[in-house]
Structure formats: structure tokens, C-alpha cells
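Contents: one structure, followed by commentary.
Chain nomenclature is as follows: A, B and C, assigned in order of appearance, with residue numbering initiated at 1 for each chain independently.
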Amino acid sequence: MRYALIAILALLALLIIAPPLLGTGWQYALINALIAALFAAAFNLLVGQGGMLSFGHAAYFGVGAFTVIHLMQSVEYGDFPFPTVLLPLAGAAVSLLCGVLAGFFATMRSGVYFALVTLALAELLHSLAPHWDEMFGGEAGLSSMRMPSLGLTFGSTLEVYYLTLAWVVICIGLLYAYTRTPFGRLTLALRDNEQRIRFMGFNAHGTKILVFGISAMFSGVAGSLMAISNETANYSVFSTQVSALVVLHTFVGGSTIFFGPIVGACVLSLFTFVVSGVTHSWMLYQGIIFVLVMLFAPKGIGGVIQAHIEQRHSLPWKRLAAPYALATLAGLMVACATVFVVQSLEIVLSREYAAAVARTGEYAPYTVFGLEWRVFHPLTWLFPLLLLVPGLYMLRRAFARIQTLWDNDESDDDGDIATTPELMEGGR
Amino acid sequence: MEFLIVSTLNGVIYGMLLFMVSAGLTLIFGMMGVLNFAHASFYMLGAYFAYTLSGLFNFWVGLIVAPLLVAIIGMLIERYMLRRVHAHGHAHELLLTFGLVFIFEELIKLFYGDFPVSYQRPDYLNFAIFNLFGTDYPFYRVFIGLVALLMFIVLFVLLTRTRVGMVVRAAERLPDTARALGHNVPMVFLGVFGAGAGLAGLSGAVAGAFFPTNPNMALELGVIVFVVVVVGGLGSLAGSLIASLLIGVFSSFAVGLDWSLASLFGLIGLGDWANSLGGLVTMPLSSISATVPFLLMLIVLLVRPAGLMGSKN
Amino acid sequence: MDTETQSDVLVIDDLRKHFGGLEIMRGVDLTIKHGERHALVGPNGAGKSTLFNLISGEHRPSGGHIYLQGQRISGLKPEQISRRGLTRSFQITNVFSRMSAFENIRIGVMARHGIRFNLYRRIRPMRAINEESHALLRQVRLDHRADSLASDLTYSEQRALEIGMTLATGAEVILLDEPTAGMSRDETAYMVELIRQVTEGKTLMMVEHDMSVVFGLCDRISVLVYGRILATGGPEEIRSNQEVQSAYLGEEEEH
């Protein structure tokens, strides 16, 4: 646990020191990654700890965003003085209120039905918002400007970054503290066995409403920060995509671990930032990553890391080194082949390319990985095949080997990497 | 009067289309407990495959082969993906299909571009079947309805009159018992998943030639189909038929009506007061027509989660 | 209504329950005295589990009343009944499987201290809570397994944990649903001893199929047949009751 603390402090120091040295593009990407991290952590309070899978968390994110935009407007027009620094508090309050209200109804149901109620609530808002001008500014949405407060102008991206960082760190800290309170422990018990906590004298419905409300509240803070950063919000913050993205982030990172969703959100949103500049297909890659994680690492990246940390003393690291290296190499080969095919298709099937073919009558060579390729040359399609087939074969062999090595060395618990008390309870 | 008849007709046909897509979804949920988020993606795949095939061969080849291709894709997903994560529970299966939605949408964008493709019906199907109050009514709408009707009859006969149908219904209610009786339940699941996907593909192939075929069609229809299966009762075929027609007719009427809550208040003499409130109260039905189905879904989920016809709670 | 004395902890008066047209409870009258260990026996389908569900608030009775320490509890929710001092275990293992044994107990201790919506204090420094949890864990002899996940415990350890959780809520009246089901002879003997120890001074009502457990552990026995109490009495009385023999015990001996 001491190492974890040192790692977190080092990361924090990096987040404070590094951004001034980066361009505004990266600063902006980091703001979005931080917001996504907070949103995922808030979402995971409901999903990972409370055991309630929501498909409509965009609603509370959006409520936070619109609350803040309304407040910013009244500050801008001088109707109501409110320090910019504290704007997320307002978003939190309104989202908490909405969360408690929505949670009251949604938590009357469980499982798939709960998920559908949350989905319906978000879709309700999403379909209503573009027609409700006074509240959501119609299809165009609402805009405002950040007013100077506490001697800060919030004119530069960097200042917004530090504001975001401060709020995100405080909120994630609070969410972590939550897990160590009696109610935090009760939340886990609720996830494991709702019936039992009722027979132990707890009000299960009330508990679920509060968990829902708190999750909505922190989602609202994330939405608020987004509104402050963009100075605008429109009905698309309620869209299925926003709800979907937080699900993706959370489960790729691993919902059974507190820091899993945070890692997932940071990694995926920075991945998006880097990749979306290069290719249109970034969402495809994200979908593939998500499905692969669901299929082969059900507890997410965080779950895999945690399993390794837990077994670090019993694993035969020396014998594992070779298959791990092989798996890495094979994984790279398969990834390389996939990216090559997708990028080739993206170019060859694009409108521009079709137009060029129509204009010149010939299929011009195109560039992927810095090399020129011809559409009808056999080598162009042999290349990914030569990477893919041996890659898949090697991957299979490597994983079979890794599996046996892990199984042989398992002590008493059979590879079960569920939420362990150590991790959730913290400093032991 | 004209509005009434045309809207009803349009609504019923749209409702039958909705049913064609939701039948598979609700059947799969009833039997396997899997809420397949990617179901509407099968609808989209059907439309795009049919578009390509009708370009290569002709419209009829597209109409027949595209659903078969979609059914095969569905079976592959069931066999190699869903079955793999089955042990992790239904939430996990649901998440997996959720991820597939993105992959399908992006693959379609990759191959066909972000814009709608012009999937055309053949000219000889492009005529007015009758004339209503001076407006021609397109034959193709009726054709969509006929295909849906045919499919419904086939499905009904299969489920009630054949041995396979009996096994499916047995496996739906008591999978363990059905397995104990020696039926190959995984095989039945595979078949049902494939058939459900194929049905969605067929509706895509039929409807894609009339409504726009674009990469958003899965998401747009997907949420409505969810509304249908919830309102009808998850797992109930008859329920989703009724719900499909209900929502189809409602959507078709709502577009043309400018009723609002304020006009409702107007009936009891409070119209001016209601109009002064503004906001939600004066919003015309036509602009919240997309909202009402979700409201209906929400009410059903909270008041009667078993849906109109469902028996399970 | 029977004359109610201080020593009558749980009084069940003409309790009825039907599901649709099916009548499961057909007027049950039963009085449990303070400090007694009372067994509920009867053939399968007699309604033993339903009776437990009615007492503990899982189902609402269709008719009749239940009184706990003189206060009516029929119609209350499970959590309200639990707070009034009656709690139950379940036929199937029903623990918080992804939490440690210690934490399973601690949730119960939290309930006893009325800590329900506490979000402003850390739980680790709460000494009273933690010490009490450890003491209870010792009492059900699981102290060496404190940090193991509940799902990693053996079956009999999980059943012991269940009983610990039931005790932790501080209930005066404890309902155990088949606590020795599926256990070996040794495990059963161990569990009987454990139950005897931990329920000292409390009131116990249990459903049990194993007649040696019933006769060895319980002071009084009620025989439930088709939604009615056929007989109530001490072990000797029940053993010699002709009606009971034909309805139940006889059937059991044929196995």
C-alpha cells in the first residue's frame, strides 16, 4: 500500500508540473481525461460498488453541465454573483437532487429492469431537450463565459486545467474516502446480497437511493467541469454516446477495483485524443478493445494488474517471461495486421479515393505505416495475412502456456480476483 | 379524415416493421435472458448487405440472401462470444453486445462511409396501389406490411405447430428441464439467436429500400425497439406485437398533431393560464413525439414491469 | 388472544397465508417462551419456510397476527422486524460473498449500533464496532479466517458465519432455517454445539430435518403439517404422540 501511495503522489506531482510545458492541445486533452476519470469513478460507485448497472448516466452529467451554464449566464449578466471556482458545487447540488429523485424510482427495480429505467430516463431528457428552449437552449444549446474570480481570469486553458485538476483530485479523494466509511462498506454488502441486508435491519431501498444520489452528484461535478471548460452545453450531453462512453471506460479499466475505471477513462480518452487525429476509425478501435476485454479479461485492465500484484510472490516469473514476451510480440503482430487492414480500407473506400479513381482512371498507391501500397498488388493483402495467422497461432500457444503456469502456482484461491478486502479497505 | 386513414395505415405498417425487429429481441431475452443491445445492428446489417447484393445481382437476391448472412453472423456471435462470457452473468453478456453495437456501426462507416447510401427498390415495385383523397399511396409500404405479416404467420406456425417450436417454447420456460429431457438446449439457443438476427436482417433488407439506409439507423431504431419490447413485456411475443402497433400508430399520428398540455387545459377553461406558463406545458405533441414512447416505457417499467402481456415479474 | 405473559416472546395467533387460491398457512397458533429452543418440524411442503417468511416479514400474512415482546410485527417490513429484535438465517447460504468473514460480521454489528447512513466517519478507528466484530468471530470460531473472502470459506464455515451474522444484529429471537442441512455427521455435531453455545440466554426457533439434532438441542418441538400445528410439546411428548408418528416420524423412519 505504501508503494501505491508513492505512485499516486508521483503522478499528482507530474500532473501539476508537466502541463505548462505542453501545448494547449494536450492541456485540453488532459482536462477531458480528468473529467472522464471523475465521471467513471462516480459511475463506478453505482456499478462496481453498488452493483447497479446504469445505461443513462449521461442524464446526471448533463444536469450538472446545464446547471453550471445557467449559473454562469446569470453571473455574466450580473444577476447573481457566484465565484467561478465554486461553480461545480451548484452542479453537484442539482445533480444530487435529480439523482435522489430518479434513484427513488429506478431502484424500485433491479438487474436488467433497473438498467432499462435509467436508459429511459436519459433518453427522455435527450429527446425533450432540443425542443425545450428556455431550459436547454433548443438544438443549439446554451453558452456563456467564464468570469474572473479569486484573482484568476480563467482566460487560459492552463488555468482551467488547474481548476479541473483540483476538483477532480478532491472528488476522487472523497469517493475513495467513501469506500472506507460504514456506509461505504454497507454499499458493498448491498451489491453482494440485498435480501440479507434487509433482514439485518437496513433499509435497502433507502440505501440504494443514497448510493444513486451520490453517484449522480459526482457525475454532476464532472458535467460541471465540462461546461466550465467548454463554456457551452447542448442536448447532446444527454446522448446515448455519453452514457456509453462511461460504461466503456469503466469496464475496460475494471469495475471491481476502485482505481480501475479511473485508469480506463484516462487511458481511453488520451488514446482517443492521439488516435482521432490520425484516423476516423478511433471509435472502432475503442469498440474492439472493449469487446476483447469483455471476452478475455472480464475484470478489466485493473483486474489483470491486481491479479499480478496479488500473486507476485507465488508466480514463477522467470518461466513466465518467455510466454509473456511471445504474447506481446504476437499481440503486436495481430494489432499491426488489424490496423493495417482498417487503415487501408479507410483510405481505399473513402470518397476522395473513389473520386480520384474516377478522375484519373487508375488506382493510385497509398501510404500506411510510411510505406506505399498498391490496392491490387497481392503483397498488400498478403502482408497483414502473414502477420495475422502466425500471430494468432502464437497468441494461442502463449496463452495456453501462461494459463498452465498460473494454474500450477495458484495457492488456495483459484485465480479469483474479485474485490478483495485489502484493496477496498486500503491501508492494512 | 384523410389524415386519420393515411396515418393509421402508415402507423400500422411501421408498427409491423417494428415487430419484425423486436420479435427476435424479445424471443432471445425470453429464452436466454440476454438483452441484446446489438439487435438493431442486425437490422442495419440487413439493409446494407441487401444494398450491396441488389447492386451486384438484383433486389430479390438481396432480400433473401442478406437475412441469411445476418443470421450466420448472429450465430457466430452466439457461439463464439456470448457462450464464452455466459459464466460471468447476464450483465456481462449485455455489456458484450453493447460493445458490438459500436463495432458494427464503425465497420459500416468504414465500408460505406458516414453518409446514407441510395438503396433503391426496383422500379416495378414503385407504383401507387390506390389513391386516397387525391394522394397516391405507395405500394411499397403495403409490401413491407405484407412481408411482416408473412413472417408473423411463419413464426406463429413454427412455434405452435412444429416439434422445434415446442422445444423452443419448453426451453424458454424451463431450460434445465428441457435439457434433462434430452433436448440440445445450446443448439436451440444458437438457432433462436440466428433466427432472431435473420428476422432483424430481413426487416432491414425490406425497410432499408424505403427508409434511409445510414449508419445511425441501428441506434435510432434500437432505442424504439427497446421501448417496444419493454412495453409489450420482455419475453412476450404477443405483447411486442401489440406494443409495436401501438407505438407505430402513435408515432405516425403525433407527427401531425399540435396538441399540447395547454390545449388539454383549454378544454376545462384554463387555456390562457396554461399558455402563460410556457415551457413543457405549451410544447406541441409533434415536437415531443420522440419523448412520449420513453415516458410510456418508464411508466410500464415502474408500474407494471411485466409489460402489457408478460407474466414474469 | 392468549393470556400474554412476560415470558412469551413470540406469539403467533391464527396465522393464515394463501398464494392465489392455494392455502399454505391454515390458522397457525404458536407461543414461544423466552429463552427456549424451539424446533419446527414437519414433512416437506408443510409450510415451514413460509412460516419463517411470514414471521420475518418476507411475506405479508393474509390473516392473523404475530406479536414480538407484546408488540405486533405482522405487516412490518423485514428491516423493521429485525430492528425490533428478531432476525433469521436462510436455508441456502446467504452471506456477502465478496467481503471478508470479518466484514460480514461487522455489517451486522453496524446494524446493532444503528449505523446505517454514516458517511462522515471512517470505520477503521471505530473501536467498539471492530472489537465486537472480532469477539463475535471468535465466538463462532472463525477468528483464524477473519480475512478470507466469505466465498472462500468451506460450507460449514459459511453456515457458522451465517449464525455469527445473525447474532451480530443483537437479536433476542433468532430463527435458523435448517442450519445443519447438507453437513456430515461431524460437522453437524460441531454445529449443534456451536448453536447451543451462542444462543445461550436467547430465544431460538429453528427448522430442522435431522431428528437427532432436534431431540438433542431443543426444549420444545412443534409439528407443522399442511399449514397447521399438529402438536407442540417436549421431546418425549412429541416422540410418543401417536398422531405425529403417523403423520411425520413414521414416514421419516422408512428412509
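We adopt the following convention: a contact is a pair of C-beta atoms (placed from the backbone, for glycine too) under 8 Å apart; a residue touches a chain by one contact, two chains touch by 3 or more.
These numbers were taken from a predicted model, which means no experiment stands behind them.
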Identity of the most central chain, Cα criterion: A
Centroid comparison with subunit C (C-alpha atoms), farthest chain: B
Centre-to-centre distance between subunit C and subunit A (centres being mean Cα positions), rounded to whole Å: 45
Whole-Å gap separating subunit A and subunit B, where each centre is the average of the chain's CA atoms: 30
Interchain centroid distance [CA atoms averaged], subunit B/subunit C, Å: 50
Complex interface listing, subunit C residues touching subunit A: 56, 77-79, 82-83, 87-88, 90, 94-100, 102-104, 106-108, 110-111, 115-124, 126, 129, 147, 149, 151-152, 165, 168-169
Footprint of subunit A on subunit B - complex, ascending: 35, 81, 84-85, 88, 90-92, 94-96, 98-103, 105-107, 109-113, 219, 223, 226-227, 230, 234, 278-280, 283, 287-288, 290-291, 294-295, 297-298, 301-302, 305
Residue ranges of subunit A touching subunit B (in the complex, touch as defined): 53, 105, 108-109, 111-113, 115-117, 119-121, 123-124, 127-128, 131-132, 134-135, 240, 244, 247-248, 251, 280-281, 283-284, 286-288, 290-291, 294-295, 298, 342, 345-346, 349-351
Residues of subunit A defined as touching subunit C within the complex: 177-178, 180-186, 188-189, 191-193, 195-204, 206-207, 210, 412-413, 416, 418-421, 425
